[in-house]
Structures are given as structure tokens and as C-alpha cells.
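Letters A, B, C and D name the chains as they come in the text, with residue numbers starting at 1 for each one.
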Amino acid sequence: MRLSLPARIALCLVTIATLLFLYLPLVVVARLSFNPAKSVAWPGWSGYTTEWWSKAWESDAPREALLNSCKVALVATVIALVLGTLAAMAMTRFGFFGKDVVSFLLVLPIALPGIVTGIALQNTFSRTIDLGLFSFKVGFGFHSLVIAHATFCVVVAYNNVVARLRRSSPNLLEASADLGAHGSQTFRYITFPLVRSAMLAGGILAFALSFDEIVVTTFTAGSGFQTLPQWILANFSRPQNVPLVNVMATFVMIVSIPLAWLAQRLSDGGDTGAGR
Amino acid sequence: MTAPAAAGAAGASIGGRASGPSRPWRALNRAYHGRRRLGIGSLLGLPLTWMLVIYLGSLVLLVVSALYELDPVTQKPTTTFTTANLTSAFTEWDTVWVVIRTAGVALLVTIICFLISVPVAFFVSKVAWRWARRGIVVAMLLPLWAGYLVKGYAWRAMVSPAGNQFAAAGRGGGGFLESTIGWTPGYGRVAIVVTLVYFWLPYMVLPIYAGLDRLPVSLLDASGDLGARPLRTFRSVILPLLLPSIAAGSIFTFSLSMGDYIVPQIVNQGEERFLFGSVINGVLGAPNQPLAAAFTLWPLLIIILYLLAMKRLGAFENL
Amino acid sequence: MVSLALVATACGDDDEETTATEAPAATEAPGATEAPDATEAPDATEAPDATEAPAATEPAGEVDYMWTPNADLVAGAEGQLNVIAWAGYIEDGSTDPAYDWVTPFRDLTGCEVNVKLGNSSDEMVQLMQSGEYDGVSASGDATTRLIQGGEIAPIDVAEFSSYADVFEGLKLQPWNSLDGEPMGIPHGRGANLLVYNTEAFPEAPDSWGVMFDGGTAADGAVSVYDSPIYIADAALYLKATQPDLGIENPYALDQAQFDASIALLESQKDLAGQYWALYTDQQAALEDGSVLAGTTWQVIVNLAQSNGALIDAVKPVEGATGWSDTWMLSSQAANPNCMKLWMDWIASPWANSQVAVWFGEAPSNAKSCGLDGMAEHCEIFHAEETDYWNDVWYWQTATEECLDGRTDVTCVPYTEWVNAWTELRS
Amino acid sequence: MASERSQVPAIQLVRLRKTFGRDGHDSHQVVAVDDVDLEIGEGEFFSLLGPSGSGKTTVLRMIAGFELPTGGAVLLGGQDVTRTAPYDRDVNTVFQDYALFPHLTVQQNVEYGLKVKGVGKAERRRRAGEMLESVRLGSFGKRKPHEMSGGQRQRVALARALVNRPKVLLLDEPLGALDLKLREEMQVELKSIQHEVGITFVFVTHDQGEALSMSSRIAVFNHGRIEQVGAPREIYDHPATSFVAGFVGTSNVLDPVTSARVLGVDATHSVRPERIRLVAVGSAGGRVDDGEVSVDGTVVDVQYLGAECRVRVQLDDSSAHLLASVPSDGLAGVSPGGPVRLAWSRRAAFTVTATDLDDHSADHLGAELQQGGDEQ
């Protein structure tokens, strides 16, 4: 389709404007983290201080929250990867009744608003569940956060692995068995290496999703356990800490950019084994 | 002549360091051969149990908990059944109005995202220089990683309105928009919609880009060759083929907007509870857990219906 | 007395300031760390809330905390506690190094303090219902619900050395006791004040009419507290302006009185420029001048003034709603010993004075006012004036059984307040 | 070759049956393979020929062990392996898309089968190297599959299967992805490799030319059943059914009514186009030999194919068409619309069983017409 030059220029301008729209707020936050004043008012380019950065560095609370976020995200990611990969293998290898329902169920936690998921899980975790023989209560804390986060991260791992398996030749597993490999060998030598990079990409995405989550976290975090987003949210309402919020926000952005780039590369690349 | 394969297998031991699976593994592997249901069961068992028990179970419990009465003094759910919460959630005009308003906002956000995404995705996939494509896509993705609250906070700093003549020293300038271009929507509805669009835009751009990328250029050429002008080609060829991708993107823009209650808190500075998420949160905090549970049925129903509709359009293969 | 050092640290966190304030200087207590000019603001001395901070620069570390932990409790200390608190009630020096009553507590008892900030009484009740927390700093509108709901364990005053020093007027009140037994340790009290911009109001307003009737410079720029309990503020105003409604107690409203209050709140929407749930929202609006009058807490006034906001606050002639907060022990507390230690600590003279100064409220411990530098604070906050508190209506939970003793009608219970407020705000 | 080997067939299929669809719901079931009996001898190059969907690939997959038969049995070397897992069968497969492991190098791909069986590193490196040499890819060991051309990948897949010295090699349309020239090359190469290693090849194809040129025997599949088993010449010259006649090479099938009129026998008959002569064009008379039959008709269409032409003729008094393949130089005066007389030897027409030729294979037949008889 041939587009006229003005049309091309217009499209280009829209794209540039969109990129500006996406990045401007981030630049503003980064700039504010060096702002001497404590308000969200724009300083112009006059004031400049690194005081907040050194304060944030010395402050325990945000660092601990950062660490907590990493811990939750890491464990939740591992669980999500196991569950998501298993589901992906089942869904690509077999056709069965109710397959649609399963894929719907996997997507649901991420498609439903966080507040619904959050309230539902909070409601369940806070109940004493009586199974007759024994009763238990999930309760709140590190473990409840991990369960909640893993639940909505499964779909990310699943999507990545499914995409990779779908792009691979369906005959690879048969070829392996044909050459004499048992199921366990096929998994070790073929399936796992094939989906490894997709799992890594899915894992990074799941990690980011968990790391960033606030709504479900608010509802399922226990007392005495605070993730970084919780810390940030709590400190919106603490004027003294607003500059530290800017610093942590900027820090998270800086750290996540190379990760995002890596995830993108991994999910695009990789051998697909399409055969021809 | 060739030795039979059996001899080859026997030759295994000669090589030493046999890496074949050990005996129990072999037995297990053989047990799986030809047993399709066993295979499906062991692969899907764990994830399916997790999702069914933890997630679906919780949703069911939530619905059930909407049926209990609230003790007026202690504000804890009692064990008495009542339909009052459901009645209140589904028949009171005020509630229904917020739901409609929220769905309207979610739709508006979706439409705006769509209107921005299509030209951008089209530019990136079909017009931009080949070497720049990947870079632009990654650039579109990166802000997704900046963190939800960080971005919400950024918008607060962007739209913060200017103070008036009564402002404290140094508080007159307002946020970035006010002090650089002299105009800001201020806190409120416009800021909410803009922020939501900002949040979910990449979720719409990406599937549309992927969809356009799969679209062969020859198809567009063919349409042009048959005499269609670009706009006509877009409407009659591109749009129908892109529908699944658009549907996939809209799941995110719609349902994420639908349930948000943090954005209104950040950039809405105490105007009315604009979105339904805030109402639910307010009721939950009241605390009136059963009523909040009844209220969550709204987004639950709307999103499930929306998902089913989008599934028909093939959205799930494009997520 | 070593405790002279007490408020000294209030002056600020950097050396420059500590030395600069050798002479007694009016300091808007908490936030004045970065902007020395704000600290010296000329208006500040007029502010009734301005905390007097005599600059006794004695080295830290020799502070007498005036508290001996109960040895039995320390022996059973669990090493941590999880509490729900209002913002500003628990400071570990991370906001302002001068305000830290968590670190000494940890050093004295070995209990780490994990805080969950409650943004409203309602939220605090919800959080306590989860059973995850050891205790809460509950206002009067939460305590009834908590006590009735069985979330709270009664206390044995013998375990709390600070209890004896609490102002008598705060003990065994309906919101902190059950059948004459104390259910917690009173923490402090304050009134919800009328804040106004001193430029827009050259003459200080003295009536809530600014917020309900309009006709002032603040029309359209009024800041309203976004909580169901605010209905009581409307009722309180009606109590003074429409005596024929017969409102005796703003928390005991029959249907007619309640409807009149809601109608007043509906009409207030035209005047309102902001409904605030997070105190920082109001603070920011006071600073940038987008709010010219409103219902406020002293702590907000302090913070905004320290950022240079030209504002002041009064208790209007109609009286005011207010709070009397109580530290309560959860009936499901996982760390009861640490929680009890905390409750005892927070009501002890030194810690109590720190909180009172930081938060901007009247201390509950009578001895707090005796500490050096506290006299003026206690005077400003009327800590020791019984009369002042007569027309302050502490937050309470409305129940069907009217709190003012009427038996011929039923009153509108708090759940209805919540529903009415939800409707009003959506 | 030991004589005892030839006594036990390499592969035996006994009433092999496969249906797809939901268990227990007969109405949804599709019969892919319908009671197939087959014996394939040691060292044979055996082709399973048929249109797509005829069940030939399903049979192959059941021999390999990828599909479990719904009924019947698979015997390899006299041993029942019906329910044996693929990795326990002395059978290797070359897949249509080659299914090379994309993350492994060519060398690693070839070594794979030896590795999972526990063959030592040095041994398997040597054998894989030899195998790669023998498919003329000795210097490509370090490459990844995606760096190779289609033909090269095909040879890697072959090497990967053969290095295990299986009793039977299964090839699932291995040449389908290659272009015509390469395909012809590979046909020759495959044949010579088979000759060299001497193991049984079972070759699935829908290309009748390929099957005829390479196989020692062919089984023609249609609708899940075997229509005919035999040597290529037998299949071509004496198709047992009208389907085989139509699918293998090009054939004129005369329905019983036409046959009765022309040949005087009331049964379906088949005649190859190249057996038909144009004895008379227009009014010019021609001689009909003894033992020949002749019919008159009108030329509908003439197709020029180089050395020969195909003339489509509509028979007089009938809607039937006949196709005659005649040398290009004997075409003087033949033009569409003109009358012609056709003649063929009685021996060239043979009775076939009428079986239906579904639409798909009809398309295929149409395609075969283009290629002409150069496969013969």
C-alpha cells in the first residue's frame, strides 16, 4: 500500500508524540528525585541535589521493602514457571475436552480486576477452612503474598512457553522418542532446552508483574511484611518521604530497563525448530 | 551387512558411562506410554488444581460471602443469609450509575488506546525503517516496567495544578504541565482518563503491532491494486484481520481500567468516588465485607462477559 | 534533669540547626528540617499550635525515658509486634531523625515494631478484623465496634505503670471501657479544627458556617473530611443552628435528625473543593492555596505551616468533633507481651510527649506536661483544661440504642451512616 | 542375506484399525485406518501410496509407535509391538518436516539416538561422523539446522535415523518439501542408500511417480483401506481397482454402460492413454487391427506436452471422455471440434473393481496430467 508522503509524516509524528507521552512522566519523576523541594511542583532546571539519593541509601525501610519485593517475586515466579510450563506442555501436546475452559481459567486472574482477585483471596485466606478431619487457616504474610502473586503470574509463564512450543515442530518430541529417548530424557534433552529461553523470558515478565503489583498485594499482605509498592503507596501519604519515593521510583526504572530489554530479546529470539 | 539395532543398543555398555535412565525411571516412562489421560492428568493436575482450588474456590467463596448479613454493631459478617446485599448492589440506582460510569470510562480508555495504537502500530510495522522497528517496539515496552505506582505518581507530578494567590511560597508553580506549557487538566476526571490511557496503552499497541506484522504487505498491495484507497483498504482489509489482536489488547485496557482504584486516589484528590473500584474499596473499608463482595459481582460479571465476547473474536490466541 | 534533651531534638536533624537554635525559637514542630526560612516564619509565633522547643543541646543517648519496662512482660517478649496506627503515631526517625520513639523502645524491650498505617477508623476496624495485628491506636468511632466484635482483650492495669498518670477525664470513658473495665490505654486527644487561609480570611472565622452556609471567600474551596463520621460534624452544626431539631449528641441521631444532616451535607457539595481521605491531600491543597478553609487535624496544620502555608486553625464556637485515641490489645494478638509493653511505653511521660508534639495533640499522661519544654505545648493543646474539652465531641460509633439516653426513638446506626456516605460520595 | 530372515517379515500389520474422535461417541468418529493387513519383507523398499487423508501416514505412525491402534496388531520381526513405546522399537523415522532439534548442532542431532541409549562419547562421535560422511555432510557437523538448506537438512534427518542401525526405516513424505530437481536427486540417493545399508524402508508418499520409481513394492491406500499391493509394474499395468487405475499414472476409466457398448462386456474397464491410437482423423480412414476395438468421437481439447500430446475426445452418443496420448508428430489435422476415431488393443483394457475417487485425489489426478508419462 503506497501512502502519500504527508500521510507517512503524520504517522511518524503520531508515533513520536506517543513516545513522548510515554516517557515524559518518567523523566519528570527522575528529575524530581534531584529536586531540593519536597513537593511535586516542577522545579524548572534551577535546583539540584543528590541529598535524597543518599538519604534513600541510608534508609532501612525502603531497602527492606525492596528486598521483600524481590523475595516474593522470586518465589512466586518459580512457582508460576512450574505451573505455567506444565500447563503449557499439556495444552500443546494434547487435545481434550474442556481445553477452552482451562485456558479461560488461566487467563482469568490477570483479566479480572485486581480488586476482585484481591478481595476474593483475602476473604479465603482469612477464613478458617474446616475439612472435617482437620481445619486450617492460610492467614497472611510472606506465604499468602507468594500464593496470590503466583496465581496471576502463571498466565505469563504459560503464554511464553505455549508460544514457543507452538512455534516448534510438533514432531520434535516424537522424533526424540523415535530415536530411543524415554520421556524423562526427552524432557531433559529436548523439551527443556527448547523452552528454556521462553521460560526465562516468562520468568522475567512474571517477576516484573509480581514486583510491581499493588492491588492484590494490599489485600493479601500480612502485617509486618511490606513490599516496595506498598512502601511507596504508604509514603504517598507521608509528606516527609515524598522525595524518597521519587528516588525509589527512579531507581526501579533504572534497574528494570536492562531487564525489560533482556526479556524482549529472549522472547523474540531462540530457535524455533519450525523445520523448514 | 548392517548389524541390527539391538546390537547397537547392546554396544551401549561398551561405551561405559551409560546415560540412559535408571530402572525406576524406565518403569515410570513405560507406564506413561499410550496412556493419554495419565499424561494429561500429570501435566495439568498441579496447575489446574492450583487454579481451581485457590482461585476459582476463592471466587466462589466471595460470591457466597455476599449472601451473609452484617452485624450492625461489630460490622462483622454473621451467619444469617440475606439477599439485601445483592439487592443493594444491583437495584440501587446510585450503585448502578457508578457501574455504568466506570464501564463508560473503561470503554473510553479502550477506544482512545485503540485510536492511538493503530497509527502507531501501523507506522512501526509497515512504514518505519526496518532497523528502527525493533527499537521502537522495545521503547514502547519499557515504560511498562517503570512500575504502576511510579507512573501514577509521575502523573500526579505532571498534572498537579498551579496554586492561586493564596499559595505558600514556592507552591505556586504547579506540576510539570502547568509550569511548562501553562495548562493542566488538574486533578479529576480528565486526569484519570489520561493516566489510565497512559498505563494501558502499551498493552494495546503490542498486540496490534504483532497482528499488523503478520499481515503480508502483498495483501495491502492487492487491495490497492484492486482500486481501494488507503482508508478503504484499512477499513475493509486491515481492520477485519486485526480484530483478534484488537480484542486481545482491549481485554487489558478494559478490564484493568474497570477495576482500578489507585489511579482515582492518586490523581483525583478527593472528588467523588469516580470509579467503581473506589466504591468497592470504600465499602470494604467501611467495613462491610458482604456488601463489598456483592459489589464485586459487577466487575466479575462484566469482565467475564467481556472475556467471552473477546474469546469469540479470537483474542486468546493473541494475548 | 537529663530529660531536658527531650524536645531539643525537635529542632531539626542537621547540626547547623541544632546550633542555630540556641535560643528558644518557635518551631513548627515536625517537618522543619530542610527549610530554615520556614522555621523562622514571622507568623509562626502567632500560631496557637506552634510548639515551643527550648534548645537544650544536650547530647543524645543520655535521655531519661522515664519508663521502666515491666520485667515480667520483657521476659516473655516475642521480639516483635504488628500494630495498626494513625500516621504520625509511630515514628522511628525515618521521617525526621528528631522524632524517634521506636528505637528506644526496641532497645529497652527487644521488640521490633511493624506498623500498618490506618487511613481511617473504618479501615482500622477492617484491619483488626483480620486478626493479623497485635493492637491498634483506635479512635472512639472504632472502639465500640472493636470491643463489641470481640477483637479487643481487656487489660489488667496492674501491668501498666503508666496508667496511673493518665488524666482522669480520659479513663473509663464509654469508648475505652466495657462494663467499667478498661479496654486499653488512653493515648491522647485532639479536636477537629477549622483551618483557614490567613490571606483569604484577614479576620479569623469562628464558626463552622464557613463550611456549611458559604458566603465567604472560601466558597468552592472548602475541604471536607471524607469519612462517614463527618456526618457528626454536620449534626453538630445543626445542633447549634437549628435547635428545634433537638440534637443533643451528634452521634445519637434519630432518622429526622440524620436526614437533616445528610441534606446539609448535600448542599455542602456546592461549597466543597475537596474531600480528603489522605491527610497529605489536604496538606498539599492548603499549601498551594486550592483550599481556603476546611476541617483539619492539628498535625496537618503543623506540616503545612512548616512548608510555608499561610494558614491557621481554630476551634469554632459550635464546638468540634474530636478524638480520644486508645491503644488496644487484640484478643488474637500473636505478640501480647510486646504489645502490652508498647502500650505502656506510649503512655509513659517521655514517649507520650514525643507523640503529642509530633502529631499535634494533647498528651494523655499528666506527667508529660511537666517535662521541660512541654508546658507551652500542653497549654496550646489545652491538655490540662477540663473546660476546653467540654464542647469537643469525641468520635463514637453510632448505635441503634441512642447514645444520648433517649429511649423513645431508635437512632441511626453507624452502618447506615456508611451507606449514606457511600451514596453521598458516588 | 540369511535365508531365515526372509521367512519372517520385517513388518506385519494384522487387521490394523485406527479411529479418531471422542471416546464412546461413534457418531463423531472418523475411521483413519480400516482393517489393514500387510506384510513387508526384510530389505524391501516399500511404499505406502495414497492421497492425503487416505490413512498411509497413520499406518506409518502406528508402526513407529506414535499412535496406538484402536484394533489389530503391529509385528516387527515377528514380535508383537502393538503397545510398545516408540523408544523401545527398532524403528527410526525421517519426518516430513525433518524434526531436527533446532537447539542442537548437526553432529549432536545425529549423535542423539546413540546418546540416549548410553553409547559412549567417543564411540558415538565416530559413528555420527561416519554417518555424516556417508550422506556427504562430513564438514557440516558444527552447524545448526537452520543454517542448512532443505536438501541438507533432509540428509541430516536421514543420517540421524540411520546411525542407530534400525531394522526398519520409516520415511514420511521426506521429499515433499524439496523442489523438483532436488527431489529427483534425492530419489536416486535414497535408493542407493537403501541398497547400501540393506534395511527395510517404508516410504510414505502421495506422489505416484516417486513410488513407482523407487519401490520394490507399493501398497495403494484409499479411505483407510489398501486397494492393491504389488510391484510397481503390476500396479501400473494391472490396477486392481478404478481408484488405483486413476491414481497411479493416468487412466481412462470406462463405466459399465460405455464398456458394454465399446467392448461388449458389462464391467468397469480401464485403458491407459498411451495405449490408445488415433486411427482416423476427419474423413481420412485408418485401419483397425485385429484384436483392437475402436470408437468414434469429437476432439474437445489438445494439450501439447513436448514429445507427445494429449487429446481429449468426447465419445459419440455418450457423455464419456477419453484421453489419448499420441506422439506430437502424428497430429496433423487434429483440432478441437473435429471428428476422430480411437482404437486400442483388447488386451490393453482390463477390468477393474469400481471404487470411488474422492475429490481430493481427482485434483491430484489433474495435476498428474501435467507431468505426463515421463515417470515411466
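The working rule: a contact is a pair of C-beta atoms (placed from the backbone, for glycine too) under 8 Å apart; a residue touches a chain by one contact, two chains touch by 3 or more.
All values reported here derive from a predicted model rather than from experimental measurement.
Among the remaining chains, D is positioned farthest from subunit A, on the basis of C-alpha centroids.
Subunit A and subunit D, compared by their mean Cα positions, are separated by 53 Å. In whole angstrom, the spacing between the mean C-alpha positions of subunit A and subunit C is 39. With touch defined as above, residues shared between interfaces to two or more other chains in subunit C number as follows: 278, 284, 287-288, 307. Residue positions of subunit D with contacts to 2 or more other chains are 85, 87, 115-117, 164.
With touch defined as above, residues shared between interfaces to two or more other chains in subunit A number as follows: 39-41, 180, 182, 185, 236.
In this structure, the chains touch in the following pairs: A-B, A-C, A-D, B-C, B-D. Note for the complex: subunit D touches subunit B at residues 1, 68, 83-85, 87-88, 90, 114-124, 164-167, 197-199. Listed in rising order, the residues of subunit D touching subunit A in the complex are 22, 64-66, 85-87, 91-93, 95-103, 112-113, 115-117, 144-146, 150, 153, 160-161, 164, 177.
On subunit B, the positions that touch subunit A within their shared complex are 9, 20-21, 25-26, 28-29, 32, 36, 39-40, 43-44, 46-48, 50-52, 54-59, 61-62, 65, 116, 119-120, 122-124, 126-128, 136-151, 153-158, 160, 170-171, 173-176, 178-180, 198, 201-202, 205, 217, 220-221, 223-224, 230, 233, 251-252, 255-256, 258-262, 266, 277, 280-281, 284, 289, 292-293, 296, 299-300, 303, 307, 311, 316, 319. Remark: subunit C residues 120, 122-123, 125-126, 129, 144-145, 148-150, 197, 199-200, 223, 226, 228, 274-278, 281, 284-285, 287-290, 292, 304, 307-310, 397, 399-400, 413-415, 418-419, 422-423, 425-426 touch subunit B in the complex.
Only residues 1-3, 7-8, 10-12, 14-15, 18-19, 21-26, 28-29, 32, 37, 39-42, 44, 82-84, 86-87, 89-91, 93-94, 96, 100, 102-109, 111-117, 119-121, 123-124, 127, 147, 150-151, 154-155, 158-159, 180, 182-185, 208, 211-215, 229, 232-233, 236, 245-246, 249, 252-253, 256-257, 259-261, 264 of subunit A touch subunit B when the two sit together in their complex.
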